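Have a look at this one.
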């Protein structure tokens, strides 16, 4: 039961940090806070028994994505948000968000109980993965077994997406700049 | 060459510590990985005496024990400062001359100074190091150069 | 980065061990947390440190862009190739049972190859992306 | 509860106290440079106590060796990171807080000269 | 429905909505991307919460464990995180291109500059 | 039980670090708080590994320590030089006078 106290704490941290990210005007600080956000979310994955996901979030979310954002900021300049034109405050986004949120909260009521072993999610394919994989695949880490074998096709798609994203980045900003852009620097 | 041998040894040790499996497949994969990493590290040109101080193994251990003692002492001092109602802080930046000649010696010294709470190395330039000290007490330690004398002397001899 | 002596020495010391740790994660994905995705990122982060310490041009000499493009494609091809191989041997696409002498051995071989493909692709794509971002602001050809 | 458990609990408790004290220091101290010293506590001895306590929990296994590895890694990187940060702040002309400023009633926290 | 479950789901929805708000209302493109990432992680939390079983162990096989958490959401989210970073990188690259072409990454200024947007 | 209390103590420390990160006032204070937060997260993960009783999970803590270091170095570099890929003027191994 005490473990769930940690869970509650971490979720509260996430809420605090997300509010701070919304409120803060300086983009660099927002990026730093997003780094903290990633760290906390990885701890949360740990406490919810998802070690592999925590691993990925630690390496990818906290490390690489923060560094890529910093690299971008160094290229686009660390302007504060909205220094030039002062847009009049509009309440439309807030209303949209509140209405959508209220709808989703209404939807919580019908969700199955948290952490119960007989939820619909756990009854369909998961037992097969959990109880057959040792005889069919013999890999102790069930996540790897599902990732690479049972759902190998899925993962192939993901790898192709990553590859395509790499090509996209290269096409967008790879190579040298055009001549006239060099000239006016 | 000597440094490369040392690197290979430490990499193999790290693999063994991390893995703990003795299956032939994993051991052969481990050997391949260690060789590959050594190759890339050689290409990166990061293997030299700066990063692999093999020549001072024993003295370094004694130094570490001394450092550990210092860390504990200054930690206790810091705790008392933080918890006292009127913290006795009088921060200042002091510049001291070091006796270290080699880069490695300076790095060990700088990191030791930073590791003991109460003093932080700000800058290492030539043979002067700039230290931010929290109060008179911690500043005195650095000015007297207690660490400076303790950093293993063999660092200087070698380079 | 000549004025950051402490950072440079510690970074140089750590880089090989970080790379080895990445490879360890890659090959022990079967037994503990880890696998190709994580390993690729950790391996790439060793190069990220190198870039931060010595500049992007120096790192691009060690891992040239054409090599990375080649490796990224090779990873995807390796993954798909395992599928095609199982197709050739008379099973479904990416059904590793037929790759080995008996099903479990085939599964093991298939998983190791597939994870290797994932690791190669992820590591090289992350490195490519980071180098592209870091080299964007740099003047051309100012290499040491 | 045997002796190892008690020892482990003591170590973890000391580590916890040091961590909280360091965090209090980070909140109480007047400027960036002094706060750095407070975070030094949590980087060194606090980490050491926690790792020690956990090593007693795990016993003589490979996990303990890994914990030792983590400790050594942090012993290398924490002071380096702190130093890099301090150097960046010095480079960025962040003026250190001194006793004289406080006596003169100036709060120059965060002022960039 | 236990209190903990409601707390989990409430925070998840809260995070999702903050992400959405950031995407809609902030004008800086990098900050929009951060908002997108916050939104994304809230979905990750949702999946992992669905896969969690109270008292279950993490999905690493062990002889003396009977009850495991569901590995399927873990697999989906693991790949989604890496893909998320890859797509974020594409977005950041687009932001850099926009900065180079228009000289700003503030959405309002972009609108003013090009009335057809 | 012991371990859970230790985890809660770490959480309190993290909370105080978050407060410092939010208060600022300078950007360096925030980075310092983030750094401290990162080291505390490493400890938290290690403690959670202890609660779960699995040595494997310590790998994650190790990755954390590493990523934290890299991130701080990147932030520092961004601050001091304004770019992540610059300073190509000294290759490793080649020393230059300061």
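Going by the order they are written in, the chains are A, B, C, D, E and F; count residues from 1 in each one.
By definition in this document, a contact is a pair of C-beta atoms (placed from the backbone, for glycine too) under 8 Å apart; a residue touches a chain by one contact, two chains touch by 3 or more.
Note that the structure is predicted; figures quoted are calculated from it, not measured.
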item	value
Shortest chain-hopping distance from chain B out to chain E	2
Identity of the chain that, by mean CA position, is farthest from chain A	B
Identifier of the chain whose CA centre is least distant from the whole-structure CA centre	F
Chain pair with more C-beta contacts, A-F versus A-E	A-E
Centroid spacing, where centroids are CA-atom means, of chain D and chain F in whole angstrom	11
Whole-Å separation of chain centres (CA-atom averages), chain D against chain E	31
Mean-CA-position distance for chain F and chain C (Å)	24
Between chain B and chain A, distance of the C-alpha-averaged centres to the nearest whole Å	36
Where chain D touches two or more other chains, by residue	22, 24, 36, 62, 66, 69, 76-78, 80, 82-84, 87
Shared-contact residues (touching 2 or more other chains) in chain F	5, 31, 52, 54, 56-57, 59-60, 62-63, 66-70, 73-74, 76, 83-85, 91-92, 95, 98
Residue list for chain A, restricted to those that touch at least two other chains	49, 51-52, 54-56, 59-60, 63-64, 67-68, 71-75, 140-141, 143, 145, 147, 155, 162, 165-166, 169, 173
Residues of chain C touching chain E in the complex	32-33, 35, 37, 41, 122, 125, 129, 132-133, 136
Complex contacts: residues of chain E adjacent to chain A	1-2, 4-11, 13-22, 24-28, 30-31, 33-34, 37-38, 41, 44-45, 48-54, 56-62, 67-75, 77-79, 81-83, 85-90, 92-97, 99-100, 104-106, 108-109, 112
Residues of chain C touching chain A in the complex	25, 29-35, 37-38, 41-42, 44-45, 48, 69, 72-73, 75-76, 79-80, 83, 93-94, 96, 103-104, 107-108, 110-111, 114-115, 117-118, 121-122, 124-126, 128-130, 132-134, 136-137, 140
Residues on chain B engaged by chain D in the complex (per definition of touch)	14, 17-18, 20, 71-72, 75, 78-79, 81-83, 87, 89-93, 110-111, 114-123, 130, 132, 134
Parts of chain A lying in touch with chain E, wherever the complex brings them together	4, 7-8, 11-12, 14-15, 18-19, 21-22, 27, 30-31, 34, 37-38, 41, 44-45, 48-53, 56-57, 60-61, 64-65, 68-69, 71-73, 75-77, 79, 81-85, 87, 90, 93-94, 96-98, 100-101, 104-105, 108-109, 111, 113-117, 119, 121-122, 125-126, 129-130, 133-134, 140-143, 145-147, 151, 154-155, 158, 161-162, 165-166, 168-169, 172-173, 177, 181
